[in-house]
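Which chain is which? They are A, B, C and D, in the order written, and residues in each are numbered from 1.
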């Protein structure tokens, strides 16, 4: 099967698989107290600072939900986009842990200080959930990017109101590569407090990290992770994935390929008559409207998702493993069906 | 490092690593809708019946906690041993999800109908948590085994009171091998409703399964798994582990080795003057009391845990990767230190 | 103090206070197993049918939240208005119990089949919270009323999708009186499954009831109520309040007075130059915009709330205890200040 | 009916009912911002210090559960007696809010430093729930009393380990009167951090208070109370109850009567042949064993509870409303039945 359904339809990049095999020697302490995880942590701190607290997990939903849970008291809420993965795609995971989401108006996946503002009350009120966090997704669920300045504005506003800023970085590598910046410039330097750092979609097997750039915010997170069933025993194999990902800039090589394939796809598909690219293609997602009769037949050959049932808008994701041939075959099939 | 601390200090068995690599081809549907996971499911059903509902997860804590959550309404409770992993070693994970544990008196890790009985009320009472599940661990946290008859008695009693029976089988392969029975005889045939099937300790990387032998009990569990952050996207790599584990009886080969090494260790260590083996060695755990002055120094060479700070009892776990040399070196070091 | 802030600024109606005193005799079984509560239950069933399951509680927040919790599995969601009390005024109580709210577009406090529809997925999806309930408020938080036909349409649509309908009836008496219908016509006959029946705002001290018109939906609710700390021991005093409320149509007398005072207030205030009544006055709430400089000074004499900080819209609630003099004094003060 | 089942089978004391009626004037701010509640708060501070934070609630279960929830992070646990109301009689309410209870060995309802000690780990461990609170009940569920010295010892030990001490004082007035001490001597002076102050069992209608003697521990509790559905709107009527209770030492007069009736009952009943008083009678509870054949028949005339189904031990509670005639009639009936 070749697919544009999601970057997680891909397998594991060779360098990461090799790191996993390399870690498979000897006995090692379990639950993260192993030397491989320690090495990975050192690499993370090169990006996010020596003060950062890093925790490894295995799913993006867990990383997002547990970070938000940790930043909130039970009466707090989280401000986010109505398109946010935490709102739409996690089966109510945040709410199942008692977190109220407050949805800010959103344009192309992005929220702004102006749309956040009305959700922050002028004074505390025992009858209302009190916002404690603003959560943004970089790059967004709609394949768009917050600029450095936009992130800074949101952080400045949030901090002026005593709120934390969380960044859902399931595709953080794609974003950094697309913006041409280091992770640090897009997070630490902007004032982001906590980051969900995604490895899985960019070539790992199952590797996500909760990065508390603001270390105060991460105190005792180890208990929350364990209690919420996210502390895998043979953690060395997650550490190994991150070690490979952060060595020789594999993260950037994979992201660059993925982003470039998205642009290529948008170019080629957009040139087909009857196909309309509907959103800016800023990272590795392409949104489009194609003739309705072609959708299902095309999906049979190359799985992808209908994003919006009302409008018929579809989503195509590229990944580190998307080949030129994939794109050519896909566009050829589309052309034929249309 | 060589260690007797836990079977999860081991790495991944070669056949399992090979299966992981074999699964790393092409694009595949994510979240478990892949052909590798489907094959693994077929193998599971050969053991637990066509009616069974099987769900893959990545940690034992998640498997136990989510099964129990699924079997209980919020006002229900779970009867278990005071030594149970769910009571002692999961950082309050069951309670964090609203599950009250009721602790039955325990001998050598095992509970009995007689010790369960007083916890089951004669009639419903709105002021008391109402038991809904009996949870037993096979083999137990103390390295002992429930006999087939003991499991049957507990199931019969539980069912007569309208309770489910859950088996925490983090070391289920060790138990089946030690008793010389098929999985089915120890679970399905006894009346066990749901099983936490452990792969990780027996040579997997991160592979646990919730096996709803009683399929009614498993309806909608897929939502609970997703919401509780246990649905990894590249599930094919968990499926691959189980596929290898259930092929050519790898589970039994690994368990046989592990169990036999425990017996060997108990024999050799027990023969050292000053060492007392404190519990029946029925699977892959050895409990002992050794001279206090030797404990820390021995731990420095071969990590292991002090099980009971009051009595000084220590625990040594063997695994599929424990070599004869490990045992000899360990006993030699112990002898010297004593 | 005289106030238009909320109907809960009022005290307790004389007939209700008398019933409380009458119940203060002898010893009686606690936790609701008393004869006074039994009498009140009989009166409830005259309105909602013999099949109904009735549970007494002491706060509206508890009644709403616990009903919704009972109707949902952890992965379910509740569709409601963005103005709903459960969304805005309960400090995230539903979410604190794991309930995800999905907000439907709202006009003058009301949602419609058309605005509910897009929130109901065409098929189950493990990644999304699955709607299980539509919750409407009658009369709404904006003082408006659903017509009988509107309620029926919502119920029909909800049932066709397998969803329950919950009615938040914190002011149910005002609604029934205003529509000129019996409780039954507005609930049972429309297909409403569960009702939060409010007594407190209409002259009780602390008396709310969860009325499961659909009795299946209420099975085991007694455990949820107890566990969630809403089973008061001397329940006879809540029973007594409802007994009085449902005797000689006290509920209707109080509501009629309250509604009529709202119309009177809207008439008198609306006639003052500079005052604009902003919403239909259909029950006992009046919404208005008055000159900004007058707001704070008027509040000092007669407390009331600013409803919308952005537009300056204010809310005035009348109650069973609002006198003609209150209205005259209030309007006179307003006139003077403007 | 006359009963020895529970002190909550009683009605409301006249002075408290009068205070409720006195509070029923005019409009008042809701949710506790009223002058009556303010007066009651002043009276509380006379007992517990100006620094104390006081919150009114309506059930004992809520007061206990919410205090414990507030003192714990999700990974914390509470050490208590196996007989504790929070363990046995609240339908798993603490666990439903994520609190793990750890049960200390208990003699006559009391735990000691020696039985608490083994439950406090020597160092933090991410795999285990971390104790944060010791909870004791004064007087205990078995009608016994902790001495001042015993309370001090427990507080000193708890504080030396960084734990809070919570006192469940559902019958705190009985305890203070029986020990002949002021509330302060038994709580503040011993080092108790938080108290559940019970009014209902001692003559109120529904009045309980969370008293944070240690004010740091109570910060933000108002949000937890609201969110957890315990903030009744017409709070003035709870305030009124406490105002009466703390005026002219009504609390002590009621408790003295109740305690003295228990001693009288124990004396008279204990003198009947075949009746054995099984526990020290230190407050208002009497535990006894009577001939089995007499139990049900006696219960028909005077309801009471069988405390222990195994041993047949029964419990008789006296209250502020227990008359001499009640005791004489009860003993006469018992004598006849035996």
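Miscellaneous remarks
Assume a contact is a pair of C-beta atoms (placed from the backbone, for glycine too) under 8 Å apart; a residue touches a chain by one contact, two chains touch by 3 or more.
Being a predicted model, the structure only gives us computed values, none of them experimental.
For the pair chain A and chain B, the fraction of shared interface numbers is greater than half, so the two copies use mostly the same residues to meet. Distances between chain centres, each the mean of the C-alpha atoms, put A farthest from chain D.
Computed from the mean C-alpha positions, the centre of chain A lies at a distance of 50 Å from the centre of chain D. For the pair chain C and chain D, the distance between C-alpha centroids works out to 33 Å. Taken residue by residue, chain A touches two or more other chains at 74-75, 90-92, 96, 126-127, 223, 226-227, 231, whereas all remaining positions touch fewer.
Per the touch definition, chain B reaches chain A in the complex via residues 1-3, 5-6, 8-12, 17, 20-21, 23-30, 58-62, 65-66, 90-93, 96, 200-201, 205-206, 223, 226-234, 236-237, 303, 321. For chain A in complex with chain C, the touching residues are 74-77, 88-92, 95-101, 103, 118, 122, 126-129, 309-310. On the side of chain C, the complex with chain B involves touching residues 31, 73-75, 126-127, 130, 220, 222-224, 226-227, 231.
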